[in-house]
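Before anything else, here is the set of structures, which you'll find just below.
Consider the two complexes below, in which subunit A is the common component and subunit B and subunit C are the respective partners.
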Partner chain A sequence: MRLALYIGRRFLFLIPQVFLISFITFVLVRLLPGDPARLSLGPLAPESSVEALRAKMYLDRPIPEQYVIWLENAFQGDLGESWVNNTEVIDDLVHRIPVTLELIFLSLLVVFLVLVPLAIITASRTRNWIVRVFQNLTFGYGMLAGALPDFLLGLVLIFFLFAGAAGLMPAEILPGPEGRLGILDFEPPFVTGSILIDSLIAGDMEIFWSGFMHLIMPVFTLAFVYGAPIFKMLRSQMEGALKADYTTYAEAVGLAPRIVLTRAARVAAGPTLVITGVVVMFLLGGAVLVERVFNYVGLGQYAINGIVTADYAPIQGFVCFAAIFTMLVYLAVDLIHFAMDPRIKIGGTQG
Partner chain B sequence: MVWLRIMRTLRALPKWQLAVLVMFFGWIFLTIFGPYLAPFPTEVAEPTTRLLPPSGTYPFGTDENGIDIFSRVLAAPRTDVVIGVVATALSVVIGTPLGVIVALYESRGGAGSTAFAETFMRLLEVIQSFPVFVFAMVLVAVFGGSVTNIIIAIAFVNTPVFVRIVRSDVLSLVQRPFAEAARAVGNREVRIGFRHVLPNALPTVIVQVSVTVGFAILLTAGLSFVGAGVKPPTPELGAMIASGAKYLEIGQWWAAFFPGIALGLIVFSFGIFGEIMTQVMEPRAVRRETDRRREHALETGGDEPEVPDAPTVTLSHMSEPVLAVEHLGVAAVDSRQALLSEIHLALEAGHSMGIVGESGSGKSVLVKALLQLLPPELAVTSGSVRYLDHDLLTMNKGAMRAMRTTQIAAILPNAKSQLNPLTSVGDMLRSALQAHEKISAKQAEVRSIQLLEMVGIVDPAQRLSAFPHELSGGMAQRVCLAMALMYRPKLLIADEPTAGLDVTIQRQVLDLTRTLAEDAGTARLLITGDLGIAAHYCDTVAVMQAGRIVEIDETERLFDTPRHPYTQHLLDCVRV
Partner chain C sequence: MALLTVENLTKIFTVGKDEDLIAVNNVSFTLERGETLGLVGESGSGKTTVGRCVLRLIEPTEGRIALGNQEISELDPAGLRALRARMQLVFQDPFGSLNPRLTVYQTVDEPLALHGVGRADRRPRVGAMLERVGLSTDVFNYYPADLTASEQQRVGIARALVTEPEFVVLDEPTSMLDPSARAEILDLLKAIQSETETAYIFISHDLTSVAKISHRIAIMYLGHIVEHAPTDIIMESQRHPYSRALLSAVLFPDPHRRPDPYVIEGEIPTAINPKPECPLYGRCPIREDACREAVPPLVEVEAVHYSACRRWDDVAASMADARGAA
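Up next is the complex of A and B:
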């Protein structure tokens, strides 16, 4: 009941927010310099055909009207056409979104498999040598991860693994740092867009392996840089929870150490979850840079190309997707947090 | 005042942080003077010296245009740091007043202003849902890549952060007494907001500024790296890294390496600077250490506790004691400072003993030591703690755990903070029951209801689903009491069981505890700062001062004829 009320309230705000997002994007993109009709036809085309194309693209109408037309089309799954590649934006997005989501998802997976246990171990109050070794290790990590830009870490990896003869990576394992697959590999037939899943569906282990190897460096880079806020938040929250009265009391009652730990972890999980939502948003931006470094053909590369060539429709499609995706992530985070923590009130606007 | 705090923070800093602080000011210096120090022109291509490796003339080598990289690295902070700093300043200047205004509207109440504030916050949410990097990229593309436009774009994406933190700070601050006072004197709402409340919110803002500057520098470099920021030939680290990246794989590493190192060091030193600022602005973070030291000193009464030899009384009629403590000493692990020394206690079955003393006399440390729950910073240094024929200090943890609640139960101060905020009363009781016997969830629920009934909670079945924040202090204390007495333990150690409760509830809880414990034959150790409670509820009373028991006697005798000056002093305080 409480949850249903909360969800209802959030969705009530979500709908106007999505419209607002699409409108802001639309206006922003319309402000991009250059006349898309002219850019599309090239500098040598006669003025009359440019005019004709402008009319066909509704560019001669006032902006609100253009927006309504765009919205109508968007509802029918038509997000316009890239004038650079002459491709449907919706098709591009369908192919590119899974690529970037795969990067983001795997990075988060690495964070949760490696950094979350590390955070819990180093938050431990016992001070045996194992904990101390981990504490020293992660101290270095915390400092490094805060200062190392994602693209720089990617470049450092490339340098150490692939630079000339001194590169540490044997060519049989991974011949080059760039792309999603080797030059001679064929993409598996498109089903989900994720290279790992699609190659498994196709039953092609060789492609799966190649795709996996090409994923390692971008995923490592993203996880290393963007895992830091999650790691730091969880560790400090966990330290607080383990020191709290209720943990001592749980021990005094004689609860099993496993239960004492999970109950402390549950308290630490709330703020960590909230920061994870924010990190996912930054991961989307980070993916843009990391895809650039590793020449990984995903949504980020698509956006950069769109911006560099002033290509209206792809930018619009991308920014809209990115903003709606972020809103949904925030919503999901808030819902989980709300379900987890009975102290959150339904009405409150969060700070 | 501020200077004092800065000096104190600086002195408390580890050496490496001081070194980083020096580096931070080095970068500030380069931001101002860097371009004048460059030995070579930074924007003039020289085709004859393309991509030369580092040498005496070109310490960092030359780039693809033949320009000295060392010179460009010296000149680049002028671009990166200035963009970061100015953009952050702009977000503060716009975001802070907006945050104050929204908060003032919101705190005024009334449907209209709440709706306004809610709409505004949702609007901010929309702006913040655009991924920062992409949004900045689009803004730069729209308005063009001049330095001014990059600053505006970065300022724009960071402004909502400041609106949010200022709003939430002001919202909590306007409720504070000093704001009320300003209002009572007749200040106008806006004036209160900006003159009285905002200065108190500034520490948070300053901390956020130091974080944002580093982030803004990263953003600038990232934008330039993908070609959507500062354009060559302006010396800028991100663009320099991008132009050098092409040559990494063929082994010409220096063109990307040195700008990369510089960028990393700049962001790193700004980050550490931010952490130092946090410590200056939030004195709690620094004070904690000195406070702890002072507390320790207090508890032990300095290095040499000046306690006259206690005329301890051995209670001769004692039969087999439930709890026997001898020569117990506890000290801090790091400083080896003694917190407890030479504690002797003996508690007979079914009896009750009070331990009194002012706060800081080591009562709670004693409780933790008896319960084997000392935090890792503290350790037992001498003596023994015996429960019946078990030596608690050498017992293994599993056996000790099995005895908790079933034989040795604890009530700790401030019941509401003892209950995990995310665990319902029912879950807490069930897990305690299931920790000590094999029963189903259903059976546990039935037992839990009986237990809550036992401690006089009305409508117990309903209360099982309640969370600690929904309980009153007295109710939470009753839940803890139910937990403590669920197995009719032989020993109950209660540390300030009624702290924070109002007087009538105190009586109810203590009476209930006594009735139930006497009924179960439970021996009680009652730790309290309240002599009245000790006099009323305990057979014997021990007086603690500075980590020692200075006097122990039967209650009546102790109150009638105190023999230790400190006991006399405590009694005088009450009787005045």
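Up next is the complex of A and C:
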């Protein structure tokens, strides 16, 4: 009951925040240089038709009035139209958000399946040869992943695996950077927007497999680069917890080594969770270069194209979605935190 | 028979290729039921390592440790875990030693649960223990961060004593507390000892605290015990130049006590690959060539007074001179 109340309150706070963010974005994009009407008609069009188009786009009205019009439409589920692509922004978002979310969540999954156990193993104070080997490996990883831009890793992978004579990987095994599916593959009917889920719903294992193979490279790239802060945070927190006096005490009182490790991991989980939330939110727009390199038509590309072409509605739509998504991630992080840490009381004085 | 016997305890840490840090060097002592042994020395003298080795939280390199007729140094991990209820540890940092996610009650309950005490029996014992250390029932469900340092340390003491251990290693338990809290904790420890006959190894660099609680004091330097005697004897008359310098640096709140400055120049040297000579040789004001030939053994130079100085009688003479002059 308290939890429901808390979540309800958080959602209530979401509303003014989204309003404010959408308004600020609305004003800011209109301060960008470039006249969309002129851009749309080209330099040779007569001033009168540009004026007419500007009026059609409501650009001749004061900004507050434009915002009210946008808001009225938004409440009816209409986020405007992309002037460049002549598509409905809401449709674009519905199709592109799942692409990026699929990448983000699969990358996180890889991070949690591979890097999290590695961080715990390498933080452990037992010093047998297995731990040592992992420590040496991950030392190199920590150095590399902190310094390597994501798109560069993607390009290097593409070069070594597929490019010309250096191409080590036969396309039958791992497909090249051709997007979400092969050229001859048909997209499964749209249900959730995720290739993996939609192909399973359609029962098409061939497409599922193709989608899976196409996901390997971008997911690996993202997990490798953006798993690093999560990995480093978890490992240093684990090391700290294992060095702490309460761990020495746990050993002195006779707790089993496995429980000692679990407890340290619980203490270390808090800060790791926070940084994971930050990484997820960054990936929403920050994965754009990786999307580009692997030909994924995701959200990041959509937003960047909108900015480059002074296409107001897509930018506005993206920012609003990003704001809502960010708040939801924060909420999720907080809720997991509550569940894990008995010291934090929901709705308590610390809240 | 002594409650705890430590014989020829040595701990060597390998710090590099051909570099051995001898943290504890051939240390022997005994501890009787209900007794407190003060272990005094500067940082790096090996006193904390001795405490951890005795509990086998650090594996000793050599030496024998026996609790009654139970050889601690030969136990396997399972046997050691079973014995953990009989020997406990209190830390210097009261907050860092408490798991931040366990409440006061859970913290003190845990060792009992681990050592197989049933839930129904635990409740009154935990409650009584917490009350004994002076914590009211209001704080039972608090987390460590909600308590003052003094209260945190009381939880640490309750947790260590709740299984009724035969001896407790107190590793600088008062050094992070303010003076009034320090005195309270020392009084509490003494009161509990007189009721339960728990033996303490009290590790500290604070000589006034050590003198207040210990029956005997062993002074450590560079991994060696250099002098060892009952508290009242060693506080009055030292038989080793290092202890003399150490004690002359302590300010006692006593207007009749004349200051007796006795200075040893230099810093504590490294314990990496030490030469087989008196550990104080490089700094000693009364050294002679014979001191370089071997590590001088700890011998009983006067009744129940042990010193590892070949020239202990010169230390005694110089102390008598200083007193006479004053």
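Methods note: the second predicted complex is superposed on the first by the 304 of 351 C-alpha atoms of A that agree within 3 Å, B and C clash if a C-alpha of one lies under 4 Å from a C-alpha of the other, contacts with A are read in each partner's own complex, and residues count from 1 in each chain.
Keep this in mind: contacts are C-beta pairs under 8 Å (C-beta built on N, C-alpha and C of every residue); 3 or more make two chains touch, one makes a residue touch a chain.
Not measured: the values here are computed from a predicted model.
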| item | value |
| --- | --- |
| Clash or fit, subunit B versus subunit C on superposed subunit A | clash |
| Partner chain in contact with A:263 - subunit B first, subunit C second, else both or neither | both |
| Partner, of subunit C and subunit B, that touches more residues belonging to subunit A | B |
| Partner chain in contact with A:319 - subunit B first, subunit C second, else both or neither | first |
| Partner chain in contact with A:308 - subunit B first, subunit C second, else both or neither | first |
| Subunit B versus subunit C as contact partner of A:126, first or second or both or neither | first |
| Touched partner set for A:28, first subunit B, second subunit C, both or neither | first |
| Contacts of A:17 with subunit B and subunit C, given as first, second, both or neither | first |
| Contacts of A:158 with subunit B and subunit C, given as first, second, both or neither | first |
| First, second, both or neither for A:209, with subunit B first and subunit C second | neither |
| First (subunit B), second (subunit C), both or neither touched by A:143 | first |
| Doubly contacted subunit A residues - partners subunit C and subunit B | 244-246, 248-256, 263, 266-267, 341-343 |
| Subunit C residues within the subunit A interface of the complex | 55, 57, 80-82, 84-85, 88-89, 91-93, 96-101, 103, 110-111, 114-115, 143, 145, 159 |
| Subunit A to subunit C touching residues, read off their complex | 244-246, 248-256, 263, 266-267, 341-343 |
| Subunit B contact footprint on subunit A (complex, rising order) | 13, 16-17, 20-21, 24, 28-29, 31-33, 125-127, 143, 146-152, 155-156, 158-159, 162-166, 177, 243-256, 259, 263-264, 266-267, 281-282, 284-286, 288-289, 292-293, 303-304, 307-308, 310, 315, 318-319, 322-324, 326-327, 330, 340-343, 349, 351 |
| In the complex, subunit B residues that touch subunit A | 117-118, 121-123, 125-127, 129-135, 137-139, 141-144, 164-165, 167-168, 171, 218, 221-222, 225-228, 241, 245, 248-251, 253, 256-257, 260, 263-265, 267-268, 271-272, 368, 371, 373, 375-376, 401-406, 410, 412, 414, 417-424, 431-432, 435-436, 467, 469-470, 480, 483 |
